[in-house]
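Pasting a structure here, questions to come.
A, B, C, D, E and F are the chain letters, set down in written order, and residue numbers restart from 1 in every chain.
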């Protein structure tokens, strides 16, 4: 009898709290989004699974000695995992389109307005009862507008670790929602004629330009924004490994096995921050709302900047490509391509959108560095 | 002269203890089994090599600052390595046969009798002089009957770390000996007619069933056996990654590079526990004896359960497939197939044995959770 | 205004020290050597990049909490990374040529004279003002003569961590310079007739010999040189995994993904030791000079030993193959082949040079063990 | 606290045997029921054949950029088309 | 230290917005100039077509040993040649 | 403890040179003998050609499950055979 009592007490049933049940539903929801809706499954599947595990009563996944505790403290608290992912992403990124048309860097710059406007919005939310975002919190939330997962996780782990779970979930969810969020904004801000503009073929970029480019980016970052060098540095290392062509085995490993291993762990670690105390707050609602606003503002700023550029440019510029400046590589570029095809079924904008798209990655890494320097 | 004296003192020869020499022979023996006899070489080769290294005088592999010390404390003491291996095994496991014929879960359940009977046997051994197994020790030894390496290592690292080396060696050795241990028991408990029974073709299982299955297993484990969720959870994560089909690159890495890297380290770490103080005891003899008993009882219980099931089943059940319930995936299923072919050269039982085989993995993970809950 | 002041202070420009600028130039120089000159790019690219990162003002890569700090303390301070690389190199090494012609081990032994003569030279340098090498320093510098990267890094991390950066850079640079350093020495010490000597075809070595060989090497090392067992042991583990043929998936991972991941990290960690305080000293000049001397003496000793051997050998021995005894696998063997072809365009010495070449790896690991035992 | 006698230990082990095996059977029996329910559920709600294919390209957006190749193909064909007299 | 009022915070956020966006634009504008300079530099000093191919085999010496295969091929051919009457 | 003079250090280094090189030579010479013994041993006990092939499938049991494929093949053929009149 006593054994059965022990056994009953060792089931989770008498220990469940309402918050844990809700968070498990959130975890299942993320798994649903990942598996059925195919929303950024590489991250949302392990994040959702981590959310399930961390909320199991008695199992202690995120307590001292628990698996997720170790993974979080080894990889996220130290910043190692997002930086390794960034290295791998760098090794996958082709800057050819950007080097061929460097003006697109301005589009990547404009789209960062989503970040800084959202920072302002987060502080403005403090006027409402229940919200008490510090400047650090606001900066970590605003980076969602950068539409870049590793950058968001890295900055949140430095500025507002307690919001990390909500921020990462919002960042990846909205990145998956890019095909739904962006097109209405893009269409509202452009005329059908503008959307049909055909752009000139991009020139071929030489291997040496591609090798020097990451070094130039790093050099500039070192000079004026050392706080961005962890992110930009690892990104440029990955890109240099790829483009130099002399360490292909390292480059391949960085963009395959290493990034895969780290992605599994990073997802689980982020999921482990989805506890009810941290997530089931009115602030999470604020974060989700601000994230959507950030994406929208970033998209609009990119498109408007493209229209402005087009005014002063000798070559034709389709303003749609400005929307790709939010990054969310390569989905935002695909969305640009699709909206362009809707306007003119012979107008393929994908390559032209890759320039602002990768510029957006640099732009948000730079923005993260600025936020670290000013409020970190 | 003094230099030569230092040199002589810095050789291992004047420092060897008898126990170290014997343990090195044990290590060579494991290498022999792995390389020549092909006994579970993936684990026994690094375990044997680790046993050699850890017993070298003056080298300090397992002392503070030594390589094996780091590997053990990072990966085994924390439980990380066996859990990662279990994730990889989950990503390799196909539950199709089990879902098509869920009754075979009872065979996987019955075979766990080997575990609990052995626990009783280990305590009974305490009546003999020289044996002083605690209940924790007995539970860790009994899990050998689960015929599942990572489960055994995980449980032993939690309940009886000082017995870890002997338990892991016994578990993997007997898993390799399954083709020798099981057939006589299977033949003794069945008639030739029973062994010739042909089973009905299994139905095709849909992708969605395979996706929901690991989630259902996890859900059930969370509810009633949270102490089993580290093992079951990581296993189900691996299986979900595989079956969901949306994160193939993560699933492939989990079942290839990641599991390979962890296997090398896990083997070395287990080998590092093969010190003479821990291994050269009468208790090791007890562990080896109990392990053989556990496998035999588990096999017998599986076969008998299959005979019982056959009585009440409308569809024909070949009792041999019960033997696969001990897990030892997929060797036990192969043994069933072979013994079945001996009785009827046209009777292929492999697919039918895969159901109880993978059920045995779940069964012993559940049994491990129960033991952790009750004696941990 | 205040924000802009903060922003200015948060750029690197007002914080740069001359030493950091020079070290960044050194880093760029290493990248140049790696990418343009293709000098050992697998190591020199990450080392050069690490040198850039570690010298960025305010970024704190190598301070507590910085990425390179973690990588260094986890992987190099513990010795784990060089040992894992050595395991991978072992899994890539084919001892067939050495087993077929075991006398070539003497060539690998002779070439270690470069190490011990350099140790003497380093101490002799203390007579000059500005040099104060301890015996530990001298031993760590001398190992550059072993022409084996992981061995040099391992020994330096144990004996003289503050010299690690310079030693690793010298070791890899000179390994890349082998095609320039060795040929003049080889030609000076041999006559054209000697260089034309054709050697007999090597016999085929059986699989079993190749399996037993690493175990024999390990056994001998355990007996007489336990301090060398970390290096030799991991090397032999890799080689045994390869030759045994029973754990191909582990062997493949060890010589591909695992060694690639570790190489990236090791390179960055070594680069993080290239700080101006540690590198911009007169001692670094001494190290660079001594390294070149070590390679030259080793080459000469190998060739002279080969001439001596040829005197007493019944079979013809081309003295050029002695130069491969310095290791630098497989570049030194290629150099031998090339110099041989220059003398006789039909004389392919590559296979014959592989024997002393891999013997040199063992030889320098043994030398490292001796140095650890005597001055460690 | 005195160490348990051997008979106390055996009693404990026997009760573990009983409770443990019962739990394993209960657990896996519930799982059998669950699997049957899953099968019924899946049969009751057959997969809407189309939806699975709507957004597969959305997967893993931040990871691969092979579209670049597609894009180049398109760009080349667009470029060629641009040289031909427009047909639309 | 009293916590900042909401209007102080908003002022701070507004100044961050201004300074941040300016910095991003300045940074990426400088990068545009740099890219153009790189392109000019690369065009001004065209790659000496040959040098890149001089030492490619020198790469990663401590890593792969596939020459062994080459060597065996050579050795075999050398062996065969050794059996034939020397033609030189 | 006074630091060693340069000549003391040189003496030390010289003795290291002597002892070290001797040790390397002794070690590798013993290895030469060992290799020759291994070769003789391997020739003396030629491999029983068959044994190596007896249990290769036993390798790595807990790792791959490709038999499932084999099994399906077998199962299908068994299924077909089951439909034919039994010939045995």
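Quick notes
In this text, a residue touches a chain if its C-beta (ideal position, glycine included) is under 8 Å from a C-beta of that chain, and two chains touch if they have at least 3 such contacts.
Only a predicted model underlies this, so the values are computations on that prediction, with no experimental measurement involved.
Among the remaining chains, those touching chain B and also chain C are A, F.
Think of each touching pair as a link: the shortest run of links from chain A to chain E has 1 of them. The interface at A-E recurs elsewhere; of B-D, A-D or B-F, the pair that shares more than half of its residue-numbered contact pairs is B-D. Chain centres were defined as the mean of their Cα atoms; on that basis the chain farthest from chain F turns out to be A. Averaged C-alpha coordinates give centres for chain D and chain E that are 38 Å from one another.
Centres computed as Cα averages put chain C at a distance of 24 Å from chain E.
Touching of two or more other chains is recorded for residues 16, 19, 23, 59-60, 63 of chain E. Along chain A, residues 3, 7, 38, 41-42, 224-225, 246-247, 249, 257, 374 each make contact with two or more other chains.
By the contact rule set out at the top, the touching chain pairs are A-B, A-C, A-D, A-E, B-C, B-D, B-F, C-E, C-F. Residues 3, 6-7, 10-13, 24, 28, 31, 34-35, 38, 41-42, 45-46, 49, 52-53, 56-59, 61, 65, 67, 70, 256-257, 260-261, 263-264 of chain C are the ones that touch chain A when the two sit in their complex. Considering their complex, residues 15-16, 19, 23, 55-65, 67-68, 70-72, 74-75, 77-79, 81-82, 88 of chain F touch chain B. Across the complex, chain F meets chain C through its residues 6, 9-10, 12-14, 16-17, 19-21, 23-25, 27-32, 34-36, 38-39, 41-42, 47, 59-60, 63. Listed in rising order, the residues of chain B touching chain F in the complex are 3-4, 7, 37-42, 89, 92-94, 148-149, 175-176, 178-179, 198, 201-202, 259, 328-331, 333-334, 337, 346-348, 350-351, 354. The residues of chain C lying in touch with chain B in their complex are 78-80, 83, 211, 215, 218, 222-227, 229-230, 233-234, 237, 240-241, 244, 246-247, 249-250, 252-254, 257-258, 373-374.
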